[in-house]
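After the structure tokens below, expect a handful of questions from me.
As written, the chains take the letters A, B and C, and residue 1 is the first residue of each chain.
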Amino acid sequence: MVLKYTAFKYAPIMVFQLILMVLYFIFVRYGGAAEVNVKGFEGTHVMIFIGFGFLMTFLKKYCYSALGFNWLIAAMVIQWALLCQSFYHMKDNTIFVTKKSLLEADIMSATVLITFGALLGIASGLQLLFIAIVETAVACLNLWLVSDVFKASDVGGSIAIHTFGAYFGIGVSMALRSRGEDTTTPTTNGHHVTSVNLNGPTYVSDVTAMIGSIFLWIYWPSFNSGLTTTDAEYQRAVVNTYLSLAAATVTTFVLSAGVNKYPGRFDMVHIQNSTLAGGVAVGSVCNMHIGAGGAIAVGIGAGVISVIGYRFLTPKLAKIGILDTCGVNNLHGMPGVYSGLLSILFAAMVTNEEYGTEMGTVFQAMSKDTDGRTAGSQALYQFIALAVTLGVSLVSGFITGLMSKLSMFESLKIAERYDDEVNWELP
Amino acid sequence: MVLKYTAFKYAPIMVFQLILMVLYFIFVRYGGAAEVNVKGFEGTHVMIFIGFGFLMTFLKKYCYSALGFNWLIAAMVIQWALLCQSFYHMKDNTIFVTKKSLLEADIMSATVLITFGALLGIASGLQLLFIAIVETAVACLNLWLVSDVFKASDVGGSIAIHTFGAYFGIGVSMALRSRGEDTTTPTTNGHHVTSVNLNGPTYVSDVTAMIGSIFLWIYWPSFNSGLTTTDAEYQRAVVNTYLSLAAATVTTFVLSAGVNKYPGRFDMVHIQNSTLAGGVAVGSVCNMHIGAGGAIAVGIGAGVISVIGYRFLTPKLAKIGILDTCGVNNLHGMPGVYSGLLSILFAAMVTNEEYGTEMGTVFQAMSKDTDGRTAGSQALYQFIALAVTLGVSLVSGFITGLMSKLSMFESLKIAERYDDEVNWELP
Amino acid sequence: MVLKYTAFKYAPIMVFQLILMVLYFIFVRYGGAAEVNVKGFEGTHVMIFIGFGFLMTFLKKYCYSALGFNWLIAAMVIQWALLCQSFYHMKDNTIFVTKKSLLEADIMSATVLITFGALLGIASGLQLLFIAIVETAVACLNLWLVSDVFKASDVGGSIAIHTFGAYFGIGVSMALRSRGEDTTTPTTNGHHVTSVNLNGPTYVSDVTAMIGSIFLWIYWPSFNSGLTTTDAEYQRAVVNTYLSLAAATVTTFVLSAGVNKYPGRFDMVHIQNSTLAGGVAVGSVCNMHIGAGGAIAVGIGAGVISVIGYRFLTPKLAKIGILDTCGVNNLHGMPGVYSGLLSILFAAMVTNEEYGTEMGTVFQAMSKDTDGRTAGSQALYQFIALAVTLGVSLVSGFITGLMSKLSMFESLKIAERYDDEVNWELP
């Protein structure tokens, strides 16, 4: 079954859209308006569609696909995620949709778009859409484990969204890896060189990518604070994320000039991405009493991890055939794990007297759910949440990647990579 | 009187600006701050100036004019619309301006910018400004008829804003039509080919157009919900618009690849525009109890109507000389009419017991104004509102178009079309 | 000490970042959440990072540096400004950070970015960072004088932010002035011509600059109203800024076509910049009862001052060696002084009976602080605030500029100006 250049190529997606419609007719009703003033929706919405979309326009001849697939995938996933997430909280077989549901669906779509970043230009449209549908279901299951079963603290989603999305993507990439073909020399940026060398930016594409990068940076405090519950918790999440991002940005610039093979000059790949690592790194702990100085320290660490990853780790992974076009391992993966580790650390530092109170503890966010837990057992649950997320994402990503190699999903040939020509009528 | 390359070319616009100032000094006072937390203002503001502006940068050599005239027209129209709209609600010859007035002025300016989309590159600056001034006055009159006289439900403005703007533009375009000159073959996109072939995009101009397109998409829920009154109604408007847009987006991608003359590849014109039709189509009914599944169904229909229009209808209209550069008939016109028809349908479906109550009806939005109406008569008024809007917009657009052909407005020659050179000092 | 192409070039900035971290650990604590719903934060955040950043991408080969240094400088300055500003309001040697503190830090960073605009492409990275650190400290001192000592009314920061930033930049530029080298003919835009002529736009760079310009315009009402205290004052600030911007925009277009050396055509430099002067000009008085007509009049004046400045004054200043790449004197400097003069005028026009009451006066914003002042003495304090700001900014800018010529800051050679090559690894 080869659909590549037939009119019915995306017909299965239309069938999926119609199934979604039917499921909505059956299961979804309007919820009450109690949480209608949920914070962070508009900003997160900009991050998903402008932020992720434009960040991925850095490739010279893949801008249409970056913007287009980002939009198509997100538009499909937000509908699907709303069902999958709410599945675990249904009452009388009914899902009640509110503005907060939309925010949660947006946040979940970030997971899939992070995975898309790893596969940018190397997976076909049908592969991406298949992967998105499977990943959403698995990621919602994992989110339920993290937040409802383990009751881990992860308000900004660094564990359940960023870490999951990145390592699911790395898992897929490992499965798509093919012998013999990926031995060309990667560029300094960690970009892989194809025969026609489309895996790189132009001057203008790097500028349009900055639209995405800066909007992601701007609204990251909204993203991390969107699901907080009290004003004090909300304000801590905003302040900590703002400071962590600022410190990561300064660190990224300094270090980028420091490790560049042209010393003293900045590398746009770092600037577009590692600046954002401060938002990921603080995600799991941003609502806690980590202190303003602590937030800055977290951001500095994030900048270091991310730039070092782009400069030294991505090229090594590319050499062994694990492609990661946007370097999501450096922006979402390692900073996400770092955030998870910080959440373990902060849980372990709390005294049992402080645990469960607001001003005295770091874990007030969970105080109402903590059925007899101690600070120590909370630290353990944070660890379990992180470990399970890593395991589930890598394994399910690898399996999904293998399935996506079925001929019906029309894998790209090497010469078709990073090329809009395959997907678009071009001017 | 030929002003084209004289310093005083736009002097009449300065006179108009000074008249506006005097009218504001005489009639306008600060209103009370009761509605200062009106929702949707900031998002709508982004749609008007970034959304419409950048969406129209898809032409290769008309980006400056698209952005410039969008800004100039909107800056003039918001001042003028605030007076024209408030004229019908003056108390003691005084207009009270509030933040809500600004939102309403922004929304009205969308009407004129939709018309600009039809005329993009084919009308001169003076023609555009003349048309904008006339259209604002007529559109405000029509809006008053729709909302105050017929008391039609049209919270997202699909009838009074989108349908009006599109068919006013088509009316002007019919008047500007000239014999013999428009018989060249239109391109697949429905773009018209001029001698120098400026009516088309470059790779980069299509990317900058996506800035506009995606921001319009992002804030459309704000636009449609901006004038709702209760939290429950607001939330329904946001949820329905969000879902309709998502479904229209998926449908647009699938169908674009389906009907393309290169089957299986997407056409950027559809992606930039038809994705948004879901926001227009749900506009008149988004605050009603149409159900989440209903919202998705509306969006699917919108995607179908819009893509089919771009692919098959626009080229046919161009052949008979009716130019519509942005295809506003497919994005705002037909989806607007479709939304109007849906509002008739939903009104007709309500039982008389339900009519006028909140949870039981779809028309709660008007319950306070409905002086003895039944659901059936409401359906009739929805029909009248749509029919009057269509008639008034087409006829007044046509007349305005004829007037704009006066030599003082300096019509463009064919060779001057789609060209920034006429209006700008270029690098 | 020449660091230009060494890995340790920006190491002093990392040291500064670490010092900031330590200061935050020692002095900063989370504040109460009473003002957590502060208006204008998100919009101002977009202005600082997207607005200023993209506005400065108009140069053909300085887009990376414009975006990069804008981001780096702002990320560093917001951390530093939060400390410097709060220094004057510390309690028990503790700074309490709230969401409002973040807004104030963002606003302060605008000062430094305005200065950056004057120096765009003519100062090295190390010079810019050194200047930013010094300027922030001095500007926070000046802000304290204006608002706490003189108790001047300046809610939108036209005196303490815009005027200060512009004339600090002019002061630096005067210090950087060098004999003999700047006598080449400036272009019509007031841009200075270098040997390789990099001081000018391309078609695309002017389009990306419009992203910045329009976002600044859109969120300016948020910026000016962010620090208002009552709903009525907030609404006046939004309404007045909106109207002033609209009127300045219409005026700018008309006048740009009027004074252009190609009469009847617009100059993109004016459109990108003078349109915004309406926001600056109304800043100091936007919360007052200036009336809707008054706001429009203010905006018209701003457009005139700014376009005339770009067309006739900037080239004259360039001839005597005072470079101002973005023309911040015309966008922030003169319109800021104009706003300060308006604040004196409005203070002088108030009767003593009106002074200190809400609806009857223009100066209600300060009524609680006005220890026995009369309207006349308030006018005097407004004058003192403006005069002190002008003096402090010019003198401290000049001294900072002289210091930045030390060899350790690596001044650019003429041939290195306006060129990303110095700072970036380019594609």
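Please note the rule applied: a contact is a pair of C-beta atoms (placed from the backbone, for glycine too) under 8 Å apart; a residue touches a chain by one contact, two chains touch by 3 or more.
Computed from a predicted structure; not experimentally measured.
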Interface residue identity across copies chain B, chain C - same or different by half: different
Superposition of chain A upon chain B: rotation angle, C-alpha, nearest 5 degrees: 120
Length of the line joining the C-alpha centres of chain B and chain C, rounded to whole Å: 35
Multi-partner residues of chain C (each touching 2 or more other chains): 42, 204, 208, 211
Of all residues in chain B, those that touch chain C in their complex: 3-11, 13-14, 17-18, 20-26, 28-33, 36, 42, 45-46, 49-50, 53-54, 57, 63-64, 67-68, 71-72, 75-76, 78-79, 97-99, 101-102, 204, 208, 211, 422-427
Partner chain A, residues of chain B touching it in the complex: 42-43, 60, 188, 200-204, 206-208, 210-211, 214-215, 217-219, 222, 230-232, 234-236, 238-239, 242-243, 245-247, 249-251, 253-255, 257-268, 271, 275, 289, 291-294, 296-297, 300
